[in-house]
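The data blocks that follow each hold one structure.
Each of the next two complexes has chain A plus one more chain, namely chain B in the first and chain C in the second.
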Partner chain A sequence: MMLPYLIVVPLLGAFAMPIIGLLGEKAREAWAVVVTAVTLGVAVEVFNTVWRGGILLYTLGGKGPLGNGVSFPVRIVWEVDLVSALFALMVTFVAFVAVLYSTEYMRHDTGLEKYYTLVILLEVGMLGIAITGDLFNFYVFLEIMSIASYALVAFRNDTWEGIEAGIKYMFVGSLASSFVLLGIVLLYGEYGTLTMAYIAKMVAENPTFTAKVALGFLIGGLLFKSGAVPVHMWLADAHPAAPSSISAMLSGLVIKIGGTYALARLAFSVFSLGINVRTMGWVIVLFACATLIAGNAMAVVQTDMKRLFAFSSVGQIGYILLGTGIGLAAYGSDVGNLALAGAIYHTVNHAIIKALLFLVAGAVIHQIGTRNLNELSGIAKRMPVTSFAFLVGAAAIIGLPPMNGFASKWLIYESSALFNPLVAVIAVIGTAFSFAAYIRVLFTFFGRPSERVLTAREPGKAMLVPMLLLVVAIIIMGLFPWYIGDRIMVPAAKTLENTGAYILALTGGA
Partner chain B sequence: MKRTLGALSLLFLLGVLLTVASPSNGVKFGPGGSEWTKYRYTDEYYIEHGVEEVGGTNIVTDIVFDYRGYDTLGEATVLFTAIAGAVALLRPWRRDGDE
Partner chain C sequence: MSSERGMSLIVKTTARATIPLIGIFGAYVVSHGHLTPGGGFQGGATIAGAGILFLIAFGFGEMEKRYSHGLYSALEGLGGLAFLGAAMLGLGVAFFYNTLWHNGPLFNGRPGTLLSAGYLPIMNLAVGLKVFTGLVSAMVAIAAYRRWGE
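Entry: the complex of A and B
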């Protein structure tokens, strides 16, 4: 059983980093790369186990989750179903790529042993959220993830925007975390347990007003964390201000694991049996539509490359929320299943694509020193590999057929058209905006070289290899879209919808 | 406008929370007797089995370090993260070293 090492390895990596850091620069870079690579290996193994064997239950400190002679859980459990395992794999892959990239990208910065400590702690936080089956434990790891990302956003403390964005992110994020904690407190007061699957059972037996209020607080807090539209303002500042390797992790992972994944997990695995799923689904769909339009439309008018990508992330979160919302509103039907599969697929795809785009932006900033799109014309002549990586990423995020973004967006379009044509129209309008935004950048890249660009060179291997790894992942996933969809994403959506099996894995496992 | 809306929604949240906090609609305060076993069955278990299963006579430390020890590890990590973050942000600026 490799599951505990998913936490043990990166936690050891983070706690040992200050000591390893004493050995010098090379040692800590090597340590960070080795730790993230081993974690990636463990995640592959865990994913493989879960994919073949179904839900994995692990009790910390006990043989079984249930107490001695009683029928309720008394210890913290991990409950890893296919969705958790898939997202853990995604987290470890992008984190590994980002750390590899940082070895060259962050070379001009100081305080790097703290940087690598925080990056690995960010990974620990996200893995903890993905695998946990305990509500308070979820909160603890949400805090680890959040605090690490506040510090990493403001890591370049000699820039004004870094500190400003960090403060903004911290205030908004702490408020959101306290909402989540309040929701958990209410649930515990009403039901007397913290294990997700057991709360699901209790909510199903006795859905109270308190449970609805708690759900409201949880959804509110998690929408903050995912950057859905009325509360997306922190994201557009935080992602451009962070170092690019961190933007890649923030945009690719943090807003999904701490936001949309947690939302889907709570909605499906905890509340779907007791609360009216149709209402819950429509609430999420409304937020999703606003997010789709506003995020993508704001991306069109940006002149700052990273800000454009940040708003595009907001827009793509809209697709994921749309899939989740339709999955809830059409719970139990084929349409709902398809939409949820699309949402899970798009989460993974967007994590890889947006990580690639932010790494490209980082390479451009590192080599040329500006992110103003008006000064960046004609990069393609001087930096062909980077421009090629951008081309692949842009094609994938718009959803052109040979790339991975096509299949996931197709699932979401198809299901939303079957669900409600108006929603599908909104989704298509969002894509039109996103298309306009990326075509603009593409024309800039392939235009006539400007003065600033004339002396630019390609970055070194340690920055190019991570980008090419992501390009390869995008193309390979794009070549077998329906195979991946049928073999992984649809079963994952089915396990998420099957709340009964989630509860049974806990109570029946004694 | 925004401020008014914000104040109104805070007022609404306060109202909802007050409703939830009233014993007739929501969470019970000071549950005793049969309510204790209905709402606080997990606590009952810890109190009854804590000494024999864990060995400590202090129930709180039994829970914090044994039953829910993983959360404590997480809290220690939160603290470590906060310290690493604060130290990272309070380091001297880059240009100071160059001059």
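Entry: the complex of A and C
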């Protein structure tokens, strides 16, 4: 059973970092890379186990989740189904790539011992959210993730924007976390248990008004964390202000694990049996449509490269929410299943693509020192590899066929067209905006070299290799889209929809 | 600057008398975490209170001489590692399985005595160490941060 090592290894890495840090700079970089690489290995093993064997239940502190002589769970459980395992794999992969990239990218900064500790803690928080089956445990990991990301956004505390974005993110994020906590408190007061699968059973038997209020608080808090539209303003400041390796993790992972994944997990695994899924689904679809349009449209008018990518992340979160929302509103039908599979697929794809795009932005800033698109024309002549990586990322995020973004967006378009043509039109308009935004950047990259760019050079190997790793992942995933879709994403969507099996794994299996 | 040199003679003398008492009381709360109210966090915060009293009464200049950043940060890491180590002792059964309590050899005395409760005393000590070093480091870092303008 490798599952506990998914938390143990990065925690060991984070706690040992201040001691390893005494050995010097090289030692701490090597330690961070080794720790994230080992975690990636553990995640591959866990994914393999779950893919072959179904839901994995792990009880902390005992042999089984049930108490002595009682029939309800008393211990914290980790419940890993295919979606959790897939997202854990995605988190460890992107975190490994980002840490590898930081070894060169962050070399000019001070306080790197804290930087690596925080990055690894961020990874711990996200992995914990992915695997946990306990509501309060979920909250604790959500806070580990959030607090690590507040500190990392404001890591360059000698820049005014780092501090400003950090304060904004911290205030908004703490408020959102307290909404989540309030929702959990209400559920605990009503049902007297914190285990997700057991609450699902209780909600199904006795859906009270309090449960609906709690759901409202939880959805509100988690929409904050995912950067859905009325509450996306922190994101557009936080992602550009963070160091680029961190933007890659924030944009690729944090808003998805702490936002959309947690939302889908709570909606499907906890509330879907007791509460009207159609209403819940339509609420999410409405937010998704607003997010799609506003995020992508705002991306078109940006002149700051990282801000453009940040707004594009908001837009892409719209697609993921749309898939989740249709999955709820058309619960149990083929359309719903397809939409949910598309949302899960797009989560993984967008994590890889957006990580690549932010790493490219980081390379440009690191080599040229500006991220204003008006000053950056003609980079392709001086930095061909970086520009190629950007080309692949841009093609993938718009959804051109040989890249991985195509299949996942296709699933979402197809299911939304079958669900409601108006929603499909909104999704296509969103992509049109996104296309316009990235074509603009592309023309900048491939234009005539400006003065600033003339002396630029490619970054070193430690920055190019992570980018190329992501490019390879995008192309390989793009070559076998339907194989991956049928073998992993559709079964993952099915396990997420099957709340009965989630409950049974807790009460029956153990 | 007065913040460098600390407070008046009366405050310093009182602090000399109370700092050991606060420290001992905090250590008591930490070590009896499994028997009485309190525990690692509460005791650790109490001991950190003694550190902060030292910082305020004697001033930052005196604190600077006695505080070592490397040592405190290493001890904080050590506290975390000890907690994780205690949690991993029973990994043969499950993460956080209290194997010391179930089959010894240490900390499996009669419930209510000091050497009972399995890994709990170890974890309390670890958390206490982590909280104490973390809070003191945070306060020293804030005190050292920057001066107001001239």
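Points to keep in mind about this one:
In the analysis below, the second predicted complex is superposed on the first by the 509 of 510 C-alpha atoms of A that agree within 3 Å, B and C clash if a C-alpha of one lies under 4 Å from a C-alpha of the other, contacts with A are read in each partner's own complex, and residues count from 1 in each chain.
The rule is short, and it goes like this: a residue touches a chain if its C-beta (ideal position, glycine included) is under 8 Å from a C-beta of that chain, and two chains touch if they have at least 3 such contacts.
The structure presented is a predicted model; accordingly, all values stated were derived computationally and were not measured.
The superposed arrangement places chain B and chain C next to each other on chain A without a clash. When the two complexes are overlaid on their common chain A, residue A:F72 makes contact with chain B while staying clear of chain C.
In the superposition on chain A, A:G61 makes contact with both chain B and chain C.
In the superposition on chain A, A:E45 makes contact with neither chain B nor chain C. Contacts of A:E375 after superposition: neither chain B nor chain C is touched. Panel annotation: after superposition on the shared chain A, the angle at the CA centre of chain A between chain B and chain C (CA centres) reads 40 degrees, nearest 10. Contacts of A:I144 after superposition on the shared chain: chain B is touched, whereas chain C is not.
Contact with neither chain B nor chain C is seen for A:E458 once the two complexes are overlaid on the shared chain.
Residue by residue along chain A, chain B and chain C are tallied for touches, and B comes out ahead.
In the superposition on chain A, A:P4 contacts chain C only, with no contact to chain B. After overlaying the two complexes on the shared chain, residue contacts for A:D109 are found with chain B alone; chain C is out of touch. When the two complexes are overlaid on their common chain A, residue A:A14 makes contact with chain B and with chain C alike. Superposition on chain A places chain B within reach of chain C only down to 5 Å, the least C-alpha distance between them. Overlap of the chain B and chain C interfaces on chain A comprises residues 11, 14-15, 60-61. Put simply, chain B touches chain A in their complex at residues 16-17, 19-20, 25-28, 38-43, 45-46, 49, 53, 66-71, 73-75, 77-78, 80-82, 84-95, 97. By the touch rule above, chain A contacts chain B in their complex via residues 11, 14-15, 60-61, 67-68, 70, 72, 74-76, 108-111, 114-115, 117-118, 121, 124, 128, 136-137, 140-141, 143-144, 147-148, 150-152, 154-155, 157-158, 166, 186, 189-194, 208-210, 213, 216.
Within the complex formed with chain A, the chain C residues making contact are 70, 73-74, 76-78, 80-81, 84, 88, 91, 93-98. Those residues of chain A whose C-beta lies close enough to touch chain C in the complex are 4, 7-8, 11-12, 14-19, 21-22, 58-63, 113.
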